[in-house]
Amino acid sequence: MAHMHKPLRTDIAWATTDQINVRGLDLPTQILGHMTLSDYSFLQLTGRSPSNHEAYVYNAILMTLVEHGLTPSALAARLTYIGAPESLQSAVAAGLCGLGSVFVGSTETSAKMMTDVLPLGTEDDGNLEEHARTIVDRFIGKGEIVPGIGHPLHKPIDPRAPRLFEIAEEAGFSGRYVQLIQLVSTEAERRTGKELPVNATGAIGALSSELGFDWTVIRGFGVMARAIGLVGHILEESAMPLAKEVWQRAEDESSAHIRPGASA
Amino acid sequence: MAHMHKPLRTDIAWATTDQINVRGLDLPTQILGHMTLSDYSFLQLTGRSPSNHEAYVYNAILMTLVEHGLTPSALAARLTYIGAPESLQSAVAAGLCGLGSVFVGSTETSAKMMTDVLPLGTEDDGNLEEHARTIVDRFIGKGEIVPGIGHPLHKPIDPRAPRLFEIAEEAGFSGRYVQLIQLVSTEAERRTGKELPVNATGAIGALSSELGFDWTVIRGFGVMARAIGLVGHILEESAMPLAKEVWQRAEDESSAHIRPGASA
Amino acid sequence: MAHMHKPLRTDIAWATTDQINVRGLDLPTQILGHMTLSDYSFLQLTGRSPSNHEAYVYNAILMTLVEHGLTPSALAARLTYIGAPESLQSAVAAGLCGLGSVFVGSTETSAKMMTDVLPLGTEDDGNLEEHARTIVDRFIGKGEIVPGIGHPLHKPIDPRAPRLFEIAEEAGFSGRYVQLIQLVSTEAERRTGKELPVNATGAIGALSSELGFDWTVIRGFGVMARAIGLVGHILEESAMPLAKEVWQRAEDESSAHIRPGASA
Amino acid sequence: MAHMHKPLRTDIAWATTDQINVRGLDLPTQILGHMTLSDYSFLQLTGRSPSNHEAYVYNAILMTLVEHGLTPSALAARLTYIGAPESLQSAVAAGLCGLGSVFVGSTETSAKMMTDVLPLGTEDDGNLEEHARTIVDRFIGKGEIVPGIGHPLHKPIDPRAPRLFEIAEEAGFSGRYVQLIQLVSTEAERRTGKELPVNATGAIGALSSELGFDWTVIRGFGVMARAIGLVGHILEESAMPLAKEVWQRAEDESSAHIRPGASA
């Protein structure tokens, strides 16, 4: 069982009796009052402060993911809160647990799809139209939905996507990944005959790749952003409750078919 | 079992086929590219955008809470990640679950302590020195530590506290709660003969109360902020692991006293 | 920052290359095939195997807490699952997060209420009727509900409570805490003029105290038991979904008052 | 946004004013005092009570997964508990979040591997040795480890595996999946020249398949069982703390390379 000890090391932060330092900056005098929260999160993830243009695009990505109404995640947080109102942090945690492959986590799928054919940091783009065809073939060939395009609710177009592309354009980050996701949309529309414009997920995947973020990080953007949104839902629940009513209706209806005396 | 249905209602957000609206603002055209993340979180919690001065103080509160090194919460997130690397969101959730009464959640204790004697929204402050004595009596009388003052590591002073007070001063938010927590510190030092300067927790409690936030909300600031910090720790863990080593050392040592053949 | 190392120690389990030992028993040859799951959990918590009579009562306590239909906790687990179906463990975790002061955690309140006046391990019971009056005074005096009696749904009586008392009686564990909770019920009914029979929570608080468990442990019984129930709900959700429908109805209705075009 | 309502339905449980019914049985009179916790969990998952032989094997599977010392999951639960001791349920939840693809969740991989080539419910087994070769080819061909065989610590053999096979044999459940996992071990040893006996994970995958459980359920066995183990760790932490020491050592050492004044 004895094993050789490997050293433990973190480069994120350190504290002494009179200093607290994060990523090489003195927290009180160089961070507090000097940075925005979004820039600080960029620093925390990458170890460096963003340029103004990077900050503009990165901030827009996070902002897109904060809030999308009474989602399953918001409902789970509210239902948790009514059982444990003394543990706000656990209600947020419960809400975050659902940000997996189906919802917010899906932003990573579109980024992976693009960086699989066009890796981060490579010089030669090859033929973007050919890359788009390769991607569409891969998903349609397996009978799967192509990530990042189409939307069950937002028609004809998810209004967040063109705005995100506009922001990328303004900041000089409308590069090959933005082109690629739009070519993927065009190719998929041609192949299926359906309207499949780029959605927010696809735009975020493209912009994150333009900024040079690995696809494995991108789920983290949604997690940070949604934590903010969930605190808002829990505060509203404490002032204007709805979770108890959602629960009681669901419980009543769902067992009516086997419950004696229920008007099923 | 049948019960009268109460209406379900949220005022946070709505979506239609072509619009997404949060707190009365059109997400794509009025929020994305126009607000900072911190201001957006203020909007999400309160339903209105902050003034510039409010934004300056509120942002500093959140920034203080993002990161404090390899905390128990950061370790829990990293240990969770090595078992379920496919679920980054659950590792963050695990880390947030520990932000309870002992660590980040303690910011609410100092705010409650102050607003119990000096409620939000009241006009007459009474005698602040008397309020400070009341508070110190209450805790010392029960043999308890007074929240918001003193620090186990940071000596003689937690460097975040004076900086937060400076920021409040610059923004015109250095009011009665800032005075009160400093009087609490002075009174407690007088009573105990120990150095007990205001710490970050006490400063955050005071500034949050100056901004008019109810003490029940304040734990949420730490939860939102720390979610950002935890994503950073998980990314570092994926690139420069330490959790496995922490685990194996702890497992080896902790069972050596009963494990046959161990050099206990 | 340097601090003296304290030793790390656990007495629960150890493993070598050829052995796995839990609480002093060889897992393969002395536990697997030889114990029930409930007895093993008693061993895990207390460090010793239960007597037959203890095992009978303890098992009944756990069994009571496994399942109570489509609770807020079950709904939170199901809503989490539909976002992250690849992380069954996180859906269970989300469901457990809500077992706080309001629902399952409330079993500890009735146990604390009783052991506060009649501590575990004391010899002299004093006057049980007087203890009951003290308890009822304490809660009714503060305008609070007395824990462990009355039920919003189950009328005239929660059918689990008399059955748990019957089981305690059969096993010789119908002692002073069982008497006390029944006297509390009688006294509260006398004082309020309402029907307030002992409920499952009160019976579990009493039986756990009869077995000698500290009140701080009792929430753990519900957590272990409900984990079983939640796995069942998630499996049903995967075969016969309801969470998506619950979500969509709630989202539609809750934002109809502000959503353009909605038939609010 | 309006959508047709689909009915909500659960078959697990129902309650009326005077009855609580789980899976068709009256909880007070047909479950409490009459079933073991393990049998009840089988009922909860499958909708029917197990036969004696099924119960014997199923119980052994769960028992194997309760406890394995100071795992990353147990450490995460303890580190969470010291920050939020008032929320035992959240500490267990944090611990469960790590039962993903790497640790307990891996039991499902070996079951999937076997039922992919030998589906549940099929009559004709084909040639088991050929199935074993197919499996080993698949993993070794991709340079991957074959699930369910070999162990980093337990050598020459994981002592839980032969005991689980013995239990299956006694109960008449030593069928084609038990044979298959052993043939997989033999074939992998032949191909690699290493000792790769079946481990607990492989044995649990085989026994679960013998009982007819779909591989997607098996992670749930570990989640239920480990919830019991984690409650034990949290109780021990409250009586004999180690998490704070683990944290402080890790924090001290990990930042020593950048912390001024540290003896790195």
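Order as written gives the chain letters A, B, C and D; numbering starts at 1 within each chain.
In this text, a contact is a pair of C-beta atoms (placed from the backbone, for glycine too) under 8 Å apart; a residue touches a chain by one contact, two chains touch by 3 or more.
Only a predicted model underlies this, so the values are computations on that prediction, with no experimental measurement involved.
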| item | value |
| --- | --- |
| Neighbouring chains shared between chain C and chain D, ordered by label | A, B |
| Pair with more cross-chain C-beta pairs in contact, given A-B and A-D | A-B |
| Reference chain C; chain at largest CA-centroid distance | A |
| Intercentroid distance (Cα basis), chain C paired with chain A, Å | 36 |
| Separation of chain A from chain B, taking each centre as the mean of its C-alpha atoms, in whole Å | 23 |
| Inter-centroid spacing, chain D versus chain A (mean Cα positions, whole Å) | 30 |
| Interface hub residues of chain B, defined as touching at least two other chains | 1, 8-11, 13-16, 19, 69-70, 84, 86-87, 89-90, 93-94, 97-100, 104-105, 153, 242, 246, 250, 254-255, 259, 261 |
| Residue numbers on chain D that touch chain A, as the complex places them | 1, 7-11, 13-16, 19, 21, 84, 86-87, 89-90, 93-94, 97, 153, 250, 253-255, 257-261 |
| Contact set on chain A toward chain C in their complex | 1, 15-17, 69-73, 75-76, 79-87, 90-91, 93-95, 97-105, 242-244, 246-247, 250-251, 254-255 |
| For the chain C and chain D complex, residues of the former touching the latter | 1-3, 5-6, 8-15, 17-20, 22, 27-29, 31-33, 35-38, 40-41, 44-45, 56, 59-60, 62-64, 66-70, 87-90, 92-94, 96-100, 104-105, 153-157, 159-160, 162-164, 166-167, 170, 216-217, 219-220, 222-225, 227-229, 231-236, 238, 240, 242, 245-246, 248-249, 252, 259, 261-263 |
